[in-house]
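Take a look at the structure below.
Chain IDs A, B, C, D and E follow the sequence of writing; residue 1 opens each chain.
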Amino acid sequence: MSITFQNVTKRFGDVLVVDDLSLEIADGEFVVLLGPSGCGKTTTLRMLAGLESVTSGDIYVRGERVNDVPTQQRDLAMVFQSYALYPHMNIAENIGYPLRVRKLGRDERENRIARVAKLLEIESLLHRRPRELSGGERQRVALARAIVREPRAYLMDEPLSNLDARLRVQMRGELKRLQHELRTTTIYVTHDQAEAMTLASRVAVMNKGRLQQLDTPLNIYNQPANRFVAEFVGSPSMNFIDGKIERGMFVSDAMKIPVAKPDSTVSMGLRPEHVHVLTQPQDGAIPASVYVTELMGNETFVFLLVGKHKLIARAPADFRAEVESKVWLRLETDKAHFFEKTKSTDYTE
Amino acid sequence: MRDRRGGILQTGLVVLALVLALAPVYWMITISLKTEVDQFASPPKWFTFTPTLQHYYDAFVTRSFGQYLLTSAIVAVVSTACALTIGTLAAYALTRFRLPYGLDRRLSLWILSTRMFPAIVTAVPLFLMMRDLRLLNTKASLIIVYTAFNLPFVVWMMRGFFAEVPRDIEEAALVDGDSRLGALVRVILPLVSPGLAATAVFCLIVSWNEFLFALVLTQTDAAMTLPVGIAGRVTQYEIKWGVMSAAGVVAMIPILVFALAMQRYLVRGLSLGAVKG
Amino acid sequence: KQQLTLAVISGVEGEALKQAARDYEAQTGVHINIAEFPYANLFEKELIDLNARTGAYDLIMLDDPWFPRFTDGQHLTDLTPLLQKRGHAGPDSDFVETSVALCRHPYQTGALYALPYVGNSQLFFYRKDLFAKHGLKEPATWDDVLAAAKTIQEKEAGPNGRKLYGYVMRAAQGNAAVADFMPIFWAFGAEMFDASGKPSVNSPEGIAALQFMLELGKYSPPGYANFNADEVSAHLLQGTAAMSINWPAWIGSFSDPSKSKVLGKIEFTTLPGVRKSGQAEIGNWLIAIPRYSQNAESAVDFLLWATTADQMKRSAERGNPPTRRSLFTNAELVSKFPAYPVQLRSLETSRPRPRTPQWNEIENAFGIFLSKANSGELSPAEAMNQANAEIEKILKRAQ
Amino acid sequence: MPRSRRFLSAPNSRELLLPYLLVAPAVAVLLALSIYPLIYSVTISLQQETASGIVWSLGNFKRLLSDGFFRTAMVHTFVYAIVALACEFVLGLGLALLLNQQIRGRGFFRASLLVPMMLPTVVVGVVWRLMLNPNFGAINGTLKQLGVNTESLTWTASPRLALLAVIAVDVWQWTPFVFLVLLAGLQAIPQEPYEAALIDGSSRWQTFRHVTLPLLKPAILIVLLLRTMDLLRVFDQIFILTEGGPGFATETISLYIYRTAFRFSDFGYAAAMSFVLLALTNVVSVVYLRLLQDER
Amino acid sequence: MSITFQNVTKRFGDVLVVDDLSLEIADGEFVVLLGPSGCGKTTTLRMLAGLESVTSGDIYVRGERVNDVPTQQRDLAMVFQSYALYPHMNIAENIGYPLRVRKLGRDERENRIARVAKLLEIESLLHRRPRELSGGERQRVALARAIVREPRAYLMDEPLSNLDARLRVQMRGELKRLQHELRTTTIYVTHDQAEAMTLASRVAVMNKGRLQQLDTPLNIYNQPANRFVAEFVGSPSMNFIDGKIERGMFVSDAMKIPVAKPDSTVSMGLRPEHVHVLTQPQDGAIPASVYVTELMGNETFVFLLVGKHKLIARAPADFRAEVESKVWLRLETDKAHFFEKTKSTDYTE
């Protein structure tokens, strides 16, 4: 089912929450909404669901305008960021409710419930009340209540945020499978890069209620439309070094690098994995000093000082370096991004 | 976003209800302004009649209604305050603590059952009791009786509303270092304010309008409340409809004002949007 | 400083006494508190207080049917000694006998426990203009009444298109029904208790009387089965009914333009008879002094003062029928209250409700069955039989 | 084991006293004002005046069995209670639901709907008595104008209509109370379950049935409980409207008790009847509480 | 402030939630609780806070038994998993509440509130009601309410779960700084490995209410006490290959590798980063086939089939391989973990 936002704006009183959002989602697509906390993701979903009125603009579903269609008739399934379980029903009833209102037969209902419960590893909880569940369990119930039906679209608001890594990877897989089977249009809010990358057919990056970029995960990562996207996507986030391009050279106080670009004032973006830390000097390598290292187990983040610039580099797990110790950096400048200063504070590539 | 198509219908129904609720009141008001001849006129004169203030004069100038009003006000307000305070504390304890031997449930039940005995029968023993306590014909006696009379109501209402407050909000208050009572006052009561308001309104109304005890426990104007004063206008041979209505109108106004003030709290419910799960 | 507390009935009777009290206060400086209660509550209010011996009241107004109950409980002060102290042999001979008789326990013969203050007794009201118009003469018997009711209801129409009913009676369960029925009951020669004191309301006469009541009911406005005094008088005042039994207290309002649409059209007379000459039910307001009053002495002084001829004259001017013959015949008053001669006759010939402490209970039971009969639930015979049985029960319980 | 969750934390030793301190005042007041009357009533209900003075006996209770008035009064009382309760609940709930939603000027509506409850019962009785008067009453008068034949509509005077009439008055006066409590209850329900229900596609009715009602249950049961108890004791309005007439048609137990106690000053028998009433009320409320308990 | 759990057990009715937990936390330590959803983390915190009674066992704070000390007197600050904000207070009041009950002066209160609000980037929201906030904003308010005071210990239940990556990294830093400055004992529940690794002085891994391992982050990662820990910590999680050790050789159907270990039935654990995918055969390399690749942007997860075994490997971002294509694996067997089969289903190193 195709979904279209057309210049949708939402204000709460004088708070501008969603700002002239236009977004086309094709039938069967899996779109991930990415954006800083408070940028309007939930509100966007709620408007689509009809839980919030749109201040201006139109929302189309299958080409028909739905601004005034009551929620019940939109036939969407939603996972609320705050779960919104029915406190007075036990888990089975909670999950079964959408089926019950659709007058499904008892048995049909029961084995559907059993199926999703198994999928989400909550079989043992079916007879408890929500308040007797842990956070993650509640979240899974909320998810179960959504996927137990086959709606025209899924709206999922950070459905895995309270799950442990293992479970999250697993659920991720299940959702992916589900979506492949049913090809149900899905809008998915998350803060987890892995989820965004693995699930999304396209990622929509929002900031302050405005759409920044809508593209495939890889393009978002590799060709960010502007500095915000570049900085927001990827963790630890991209390094930025302000400087100038003069006669084919990027020049900043700390370094001089050849680039084939017209002269301009730019800021160079380089991802941590493209900064390689060497313990021995090497020609072309830039001297730097370590000021802290973070050991992640599977890798190490090295925080460096180049002149007055701070840089972060990804190093192998076994990389060790004394604080203050001197090191040399090899920059994969071919992977660098250059964002021109424009009047807007934002830099665009 | 609730769909608003029902809006007109809703408003229609409400207006209808309003008419049904207020017509008799309006009628009473007209009666209080009509001469006897008009009161009984048929077809009834809903709108067209020549008003007179005679009945108000009879009610309030020739008799000590002013004093009755004052007494009623004092008794009602004080007893309501007492009942609310005592009752809320009890209700809180009975909802939030588990007492041994299911005492919390038993107590609540007993408290309720004290309201089941017909006032008519308790009136006389209470009269004797007050006589021995030298409290006959005092406001104090009425305040005590009304407090006790409203207590079960308060306890049960508040129990219901407390039970609806999500635990973890209160827990947060405790973690933040507030005492139980502090949390009760600063966090829980604000959340149940609609319930509290409803309860208060009701208690006030009950004590404002109570008749039997007021009749039995008072002996002279010194402690008589408005209802007794009003009833005094029903004579053996005739009912002074006009005067009664006039008194009714006046008796109604203070409560009406109070309820309008409470209205704000009735509207503001628990805004639990912020509770997760 | 001397203090007295009075419990009075709300309404004209009480008002009169209140005013008197104020005058007394002014004259003697004795401070008097007044507690005023509606008729519906005065009785229990006083009884509870008497039973509890609080002595809160120094003087109480009471309706004569309550008297047996109060004296039965020895709650009232015997006045004779106090009177004698003040040089009176007994109650002033000017008082109408039937009224004083009410103040004695046992009736007529016993000791004196109260003094009569308001001399009410039932009167028969009728629309003289209509009677004249249809050449009817003042009804002497109940059959005349029925006939008149018939004629008027058939021939007459009420004001602005409303029906005019021949008769209006009150049959609301309880006091009302009984009060309106007793005169008929007696007139038919029925008695509530036979010589041996056994209840006999279901005697043939009694049943006939009830039969007649229903007959008359046909000419009464619908719903009279729940009428009380106020509905009855409302009908008369609005000119929608032509006859009724009622109490003198009403006479005033017929000449009050703000209440009455039948100014000067109402005539009053004594109650009609049938086998026996008509007898009204007496309904006097008495004043007594509770045994537990700490101020019996000054109470008596006030009582005597309040029942003196000229004080009672004032009370009469305020609309209360006196209990003194001299006042009924007082030219000045008669000119103001032309019905006084009739009232006196009625009062002198009136008779009290049966004098028993159980009266309230009996009246209640009796009233219920009368009301059942009037609302068509029971036939007269059934009603009377059941009533009789019920009254027997009550009496049995009393012993 | 959900019950355990009802409590913030197991009361720990230093707090053990708190709950008792909190209930103490309430218990004290109620003990003081209910125990003495109770004992008093028990004793007098077991005593009887006879020629030979006061004796102890079960006479009063025996008399109950043979008392036809008592039986009828009981029947009336329950009919009255059940019918009135049903109407008041349905109407009250309906209004609460209506006014729980965005309607312009609902504040005004809310307050105005409470007015009937605010009038002194004495006045209510009198006003309605005047309005219900078959001949001068506003009701019949207006009906007549509308061309209705009111000959047979003698309301409180007709054995058929009388009970209905007094019930109607009670409904008129006390529906606002039900409305008030239920409204407060509704206000206490969080928004989220409703939104979830919308998403799950449940119709207005289904949402009402499966979300609102269950979440409102505590409030509902409380209001039913309190109303029932008051209805079973109803006195004032009826006393003023009909005094139990015509022909006992509207006599309720309280009226009968009142008469017995105050008019016939037979307090013993009145107390005896009150105990029966007390017992019955108790039974009813225990039934309610059963329902209430499985909510917690 | 030192905290000790001594054989603490918690049951809800017949549900065993925390099972004989013993845990020593030194003064000033930062302990992270890690564990699958529903393993009893929150319950543990709640018992420490006195919001839940302990079924058996004792909890000591500064060596003093606190089982019966009412919550208010324990002077702890807690971030609830469910936020538990006060709906009727605006944000400023919410944050200020703990100070208010401590009778702090108005000004003192106000500038403390201002300070934390700034720290958590919620200055602009101070006058809103909680229901007018986004999920992440609410979470930050909850966090603010905790750190506005200086309690004897912080209990934080997934305080960052609803924040975006950027903010989360930043908050992480702030919390770390705060803890360094104040040295306040902190117990921190999270599902985010990065948080665990960077914040924790020690990590406690729980499963089904039982403590599995309590150790430094690196040791948890590099020397997991048992197979559960090995599998649970690290994402994508460790590869396991069941086999035998015979005469110094690990033998499974798919491979034969020399190891210096006594003979036994074992399962070999190898982290994805220790599996290197080669497109060319190489001696000692094991043939395998790719069945799916997940592109994370900064790296690529390669899902492989070795015989009937599934393996996951971390490859560089630019690694590409056709599905079904044949590849060779170099295993850093020196980094391998071997877990012996014991009677308990669990494997221990």
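Simple rule for what comes next: contacts are C-beta pairs under 8 Å (C-beta built on N, C-alpha and C of every residue); 3 or more make two chains touch, one makes a residue touch a chain.
Please read these numbers as outputs of a predicted model, since none were measured by experiment.
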Problem set entry | A-D compared against C-D, more contacting pairs | C-D
For this session: Taking each chain's centre as the mean of its C-alpha atoms, give the chain farthest from chain E.
Result: C
For this session: With chain centres taken as the means of their Cα atoms, state the distance from chain C to chain D in Å.
Result: 38
Problem set entry | Distance from chain D to chain B - Cα centre to Cα centre, in angstrom | 14
Seminar exercise, completed: chain C and chain E have mean C-alpha positions lying a whole-number Å distance apart equal to 94
Problem set entry | Chain centre separation (chain D, chain E; CA means) in Å | 57
Exercise. By residue number and range, which residues of chain E touch two or more other chains?
Worked result: 12, 50-51, 70-71, 81-82, 133
For this session: At least two other chains touched by the same residue of chain C: list those residues.
Result: 40, 48, 162, 234, 238
Seminar exercise, completed: Multi-chain contacts in chain B, i.e. residues touching at least two other chains, fall at 40, 42, 124, 128, 167, 171, 174, 180, 231, 234, 239, 270-273, 275-277
Exercise. What part of chain D is in contact with chain A in the complex they form?
Worked result: 2, 5, 192-193, 195-203, 206, 210-211, 214-215
Problem set entry | chain D to chain B touching residues, read off their complex | 3-8, 10-11, 15, 18-20, 22-23, 25-27, 29-30, 32-34, 36-38, 40-41, 91, 94-95, 98-99, 101-104, 106-107, 109-123, 126-131, 135-138, 141-142, 144-145, 172, 176-177, 180-181, 183-192, 218-219, 222, 225-226, 229, 232-233, 235-236, 240, 253-254, 257-258, 261-262, 267, 270-271, 274, 277-278, 281-282, 285-286, 289, 293, 296
Exercise. Which of the residues in chain C end up touching chain D in this complex?
Worked result: 40, 43-44, 47-48, 51, 69, 162, 171-174, 221-227, 231, 234-235, 238, 240, 358, 360-361, 364, 368-369, 371-378, 397, 399
Problem set entry | For the chain E and chain B complex, residues of the former touching the latter | 49-51, 70-72, 75-78, 80-88, 97-98, 100-102, 129-131, 133, 138, 145, 149
Problem set entry | Residues on chain B engaged by chain E in the complex (per definition of touch) | 166, 168-169, 171-180, 182, 186-187, 190-191, 270-277
